[in-house]
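Listed next: structures, encoded as structure tokens.
Below, chain A partners chain B and then partners chain C, in two separate complexes.
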Partner chain A sequence: MQHQLLIGYDDRHTFLNRLSGSTKLLSFVGLSVIGMMTFDTRYLLGIMVFSLILFRFSKIKYRDVSFVMSVIIGFSVLNLVMVYVFAPHYGVDIYGTEHLLLGSSNHYFNLTTEQLFYEFNLLLKYTFAVPLALIFLMTTNPSEFAASLNKIGISYRISYSVAIALRYIPDVQSDYRTISLAQQARGFEISKKAKFMTRVKGGIQIMLPLIFSSLDRIEVISQAMELRRFGKGKKRTWYMAQKFKRNDYLALLVVALLILLGIALFKVNGGRFWNPFK
Partner chain B sequence: MTAPIISFKDFSFQYNSQTEPTLRHINLDIYPGEKVLIAGPSGSGKSTLGRCLNGLIPQSYPGKVAGTAMVAGKEVTKSSIFDLSMNVGTVLQDPDSQFVGLTVVEDMAFSLENDQQSQDEMQKATAKWATTLDLKDLLTHRPQELSGGQKQRVSMAGVLIDNSKILLFDEPLASLDPASGKASMALIDHLTHTQDLTVVIIEHRIEDVLQQPIDRLIVMQDGAIVADDKPEAILRQSLMAQLGLREPLYLSALKLAGVDLDTCQHIDSLANLQVPDLTDQLQRWTAGVTLKAPVQHPDPLLTIDHLTFGYDPKAPIINDLSTTLNRGEMVSLVGQNGTGKSTLSNLITGFLTPQQGHMTFNGQPLEHQSVKERADQIGYILQDPNQMISKTLIYDEVAAGLVLRGVDPDTIEQRVYDVLKVCGLYEFRHWPISALSFGQKKRVTIAAILVLEPAMLILDEPTAGQDLQHYTEMMGFLTKINHEKDMTIMLITHDMHLMLEYTDRTIVLGSGNILMDAAPADVLTNDTIIDQASLAKTSLYSLAAAHAINPTEFVAKFVQAEREAR
Partner chain C sequence: MQNQQSNSIRTVVATGIGAAVIFVLMKFVAIPTGIPNTQVNVSIGFLALLGAIFGPVAAGLAVFIGHALNDFVTYGSPWWTWVIVDGLIGVAFGLAKNRLKIANGALSTSKLVWFNIYQVVVNFVGWVLLAPTGDIIIYHEPATKVYVQGVTTWIIDSISVAIIGTILLVLYSRTRTQRGSLKKER
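Then we have the complex of A and B:
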């Protein structure tokens, strides 16, 4: 089969699947926000372990997400390198001490424990939310996904357009393949044999027909939706929406406690940073 | 007499983007419980009339309106699409694009969700209509997993769930295979009676719709209604061809056999047709025609040898298939949706790589040739021209393949002009492609392939969505290049007329292999094959069988006579 580029929902029969989409969305957003704010390494490590345990429970196979994972890891590493290149002394500024590992303090590119520690925190921040995001995306039925967006206050038009986009991804993918092959048959070389610029040009040749056929599709689909009264009322109901059950309240409670703990740590540390160098 | 449920009085409409009115002085009454067929060639205004029924005009397509149009007591021009949708359920032409939900059951409930109904009510309603339309086992399926016929049933369920009393079908047969089309027509007829519906069908394939009784046939031309009567009366006057519509095959056969249509009764339904001495007249005609020996094409061009392919090798789509296509042949490739017709063409063109088997083209093995190299010899034309066109001007589009092959500019110009002349596009050479009609765009894509001078063409549904006039032009053009350039042409099609009237050989695909490879007339008279490949018997077959004539012989003679007349 075609290489799995996009991550997809599958019913894996776990308790995470049975949680309502809104619960998962709220938990994901809540934990991400607190995790992005705090620089408390202990807390970040804690959430990291927590999300890895959940990931284990979700029965998502690593094979299904390996592509996304490698993209994220690649970007994180690139980002960390860039942070070092542009601000190699930022750790020293934050923590107020300087423990040199390499070079001397008047070199621009020296290496300090503080900088390493700061970048380690960054790495944790980049990665702790990834298992949570994957759990949310891969255990939530796409239709319920729209319902849950709507439930946390996003307009149903926007929520539904997300669902529609999910609905049409396979169609657009197959369009892309067909168009690409048809263009190759005309003589546009876009395989690895061709030079980079030729491939870019070939790619543009595919985009034009792809955009036109997608625009046609959009026009018809919006008519079809209008003919069935989409957009009539201020609200709509969702066939796939799930009511909150005991487990949902329980999950939200756990997440709320975790967030409160994070906020409490701000007080204890006297700010967003936990400083082990003092 | 009850009041009409749909009533147009001196109604005209002109799109804002057009300089001429698309509908002119329409007077039309449709009564509750009627089943009406609106037919007409492309551009006759039949789809525009449909848009007036569901309110897309003037809400989504603004324009100038004159006269009045009432639907279920509401004035169309003053009602919103939402209001009208409670009375008129619309089933669009392409069930794929009508499918909004991610699963069958969500799609069925879509309008109820917009009406803010509770989950309980939605579950009750979807359960009820799933039973009526036989969708119970499919409720959690995704649209990609359904066949064309199933998708259309979901579309129907999605609008019937509103309990609307008027059902509007826009070209319901366009994307169905012949067997599903037949089943769909039967279902619509059944629903009309059991659910007290008023049904309006917009379609130009009259014979297929007439498989089930129709109360009234309305024929449109140039924005006006030119005929509005019982189908029988219109068919009898032989107006169809004049109006750019294809008349039912059996009717053409009756005319060929010299039957006086005035002596016929129930001319709109083959099953009830009554003609004095019909058996005699038909048998006499059949005896009077001698079949000519078919033209031989002895020179093999493409040899396929034990070809096997499957995305999942354990479930091959093409399984050990062997055949030979000869130079100068016009072949039709038919079979159910999903039996691998496109897969086979993709293997030939190199879009897919077979797991086993060889192919040779013109004596050369194809294995090591790239997509581009094969394309120099084998042209593949997709069903949707929009998927192929990548330039904005006709000349550039047709020249693109040559430019990429590094041909010198003078030769390019010469070859492009030549091919544009062959395709009847020379006058348009400086036009932007966006100004062309669907059929013209299709010809541009054919020209863009022909300019590469391939020895073989594969066309996917070349005539889909085209009315009789464009269809005849397109097929006349293909027949011409087939004869003049001795080009091998393979047509992938669902259209029984097309395979019967224009091709010499039919390959029927089914369960990964060739079910039958014979003359079209033999295929369409073979009950087992018709059934296995979701084809449909033509009315010629039934006519011959009912009058003790060998159907294969009758069909072959009919086709020969038709071709000679052309």
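Then we have the complex of A and C:
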């Protein structure tokens, strides 16, 4: 629990930092949606390489993100194993051919090239957006993020909610730590050594004070905001908002081209899958 | 009019703080069940309370934002189908607000029973019908795998709301003054 959990923003003086938050948000959402839809391995690999190159440019140190990386790798491996256990012939169903590597075709657990290829695609899909997400998280100032949500057309109340969430996560986190230590001092065991039910009980003992103090906090903050006439106007200006510059338009153009390429590949492949076995 | 104004501010703040609390609960109080990506989710118990106090908009948005942020920093990119389903479940919990009328004081047993039946149904629709179907259509994952994940999540989340959610609702309602508890002296 000691490591930094919210991987932090830092001004690293790269061109990625200077792009406006709206650009980065639009690019990230656009690329992750198209990557979510497509199963074209070439395209996914291309995006992956593209985002790794960007990651290199962003000057983010690997050790800052190594913890997140290990979680993501663990998550992907678990999922891939689970897909294999539950549906070892799914690749054969999708690609329509069967190239056996291990076992025979009437066994439940056999290994086909198609299945490996399908799972490789899944792995790419789980991971291709990770460098982009890390870049987005670590080069965008949280306050600017809220401003950019508003800029791309989300109502300012919702943007403000996001701003409040980002602002108060560290506070709630430190409240959580304090309460947890206090309860542990009173003898509640919540570590991995404890039994399942004890952990659940310990969890509840921490939750209750945390939740009730947060409810109080909601009252206090909303009164403070009402006193400052929040929500009286139809619009709101943002201190951290950035104007679009030449580079922003350039970045958006590149991303738009990539997305168009992805859509064009749907046509070329006649569907979401690229089938190298035909 | 005046009241409406302050209500909307409360909704904005409740969304923000609610999202922060959900984020922290998802992050720290996650007890794995053994099936990948399914955890004993205590934050959904909190969601029941949030919905009962602040209504559908706050609860739906709060869990949407909290879950998306949590996925963002844990897995790199949000698993959109589940994030959206979580948001819809928040909205459904929020719709129970008018039925529960938690601000008016102690909850009767019949209301709690009704709420628990309601939440099990809501969780069923969300985790067994919507989320796996979304996974199959959007992410093209094998049906058996996503249904196992969905059913596990349904069971765990329902139990979580039944225990944690109910405790929270009862405790919160006790802090409210019972409606009509004041009498005019004659």
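As a convention for this text, the second predicted complex is superposed on the first by the 270 of 278 C-alpha atoms of A that agree within 3 Å, B and C clash if a C-alpha of one lies under 4 Å from a C-alpha of the other, contacts with A are read in each partner's own complex, and residues count from 1 in each chain.
We adopt the following convention: a contact is a pair of C-beta atoms (placed from the backbone, for glycine too) under 8 Å apart; a residue touches a chain by one contact, two chains touch by 3 or more.
The structure presented is a predicted model; accordingly, all values stated were derived computationally and were not measured.
Undergrad: Put chain B and chain C onto chain A via the superposition and say whether they clash or fit.
TA: Aligned on chain A, chain C fits beside chain B.
Undergrad: Using the superposition on chain A described above, determine whether A:226 touches chain B (first), chain C (second), both, or neither.
TA: Both: A:226 reaches chain B and chain C.
Undergrad: Regarding the shared-chain residue A:237, is it in contact with chain B (first), chain C (second), both, or neither?
TA: first
Undergrad: Counting only touches as set out at the top, which of chain B and chain C does A:259 meet: first, second, both, neither?
TA: Neither partner.
Undergrad: With chain A's C-alpha centre as vertex, what's the angle to chain B and chain C, nearest 10 degrees?
TA: Superposed on A, the angle at chain A reads 60 degrees.
Undergrad: Answer with first, second, both or neither: which of chain B and chain C does A:45 touch in the superposed model?
TA: After superposition on chain A, A:45 lies in contact with neither partner.
Undergrad: Touch check for A:217: first (chain B), second (chain C), both, or neither?
TA: In the superposed model, A:217 contacts both chain B and chain C.
Undergrad: Given the touch rule stated above, what does A:111 touch, chain B (first), chain C (second), both, or neither?
TA: In the superposed model, A:111 contacts neither chain B nor chain C.
Undergrad: Does chain A have more residues touched by chain B or by chain C?
TA: Tallying touched residues of chain A, the top partner is C.
Undergrad: I'd like to know which partner A:83 touches here: chain B for first, chain C for second, both or neither.
TA: The answer is second: A:83 touches chain C but not chain B.
Undergrad: With the two complexes superposed on chain A, say which partner A:163 touches: chain B (first), chain C (second), both, or neither.
TA: In the superposition, A:163 contacts both chain B and chain C.
Undergrad: One more residue to check, A:123. First (chain B), second (chain C), both or neither?
TA: Neither partner.
Undergrad: Enter the shortest inter-chain Cα distance between chain B and chain C once the structures share a common frame, rounded to whole Å.
TA: 5
Undergrad: Touching chain B in one complex and chain C in the other: list those residues of chain A.
TA: Residues 1, 163-164, 166-167, 171, 206, 208, 212, 217, 221, 225-226, 230-232, which sit in both footprints.
Undergrad: Considering only the defined contacts, which chain A positions touch chain B in the complex?
TA: Those residues of chain A that touch chain B are 1, 141-143, 163-164, 166-167, 170-171, 175, 178-179, 181-189, 191, 205-206, 208-209, 212-213, 216-217, 220-221, 223-233, 235-241.
Undergrad: Where on chain A is chain C touching in the complex?
TA: Touching chain C: residues 1, 5-7, 32, 36-37, 39, 68, 71-72, 75, 78-79, 81-83, 85-87, 90, 94, 122, 125-127, 129-130, 132-134, 137, 157-158, 160-169, 171-173, 176, 180, 196, 199-200, 203-204, 206-208, 210-212, 214-215, 217-219, 221-222, 225-226, 230-232, 272 of chain A.
Undergrad: Within their complex, state which residues of chain B touch chain A.
TA: On the chain B side, the touching residues are 54, 56, 60, 81-82, 85, 90, 92, 94, 96-98, 100-103, 105-106, 109-119, 122, 126, 143-144, 158-159, 162, 311-312, 346, 349, 351, 370-372, 374-375, 379-380, 382, 384, 386-391, 400-401, 404-405, 448-449.
Undergrad: Can you tell me which positions in chain C touch chain A when the two form their complex?
TA: Residue positions touching the partner: 5-6, 8-21, 23-25, 27-29, 31, 35-37, 40, 42, 45-46, 49, 53, 61-62, 65-66, 69, 72-77, 80, 138-145, 148, 164, 167-168, 171-172.
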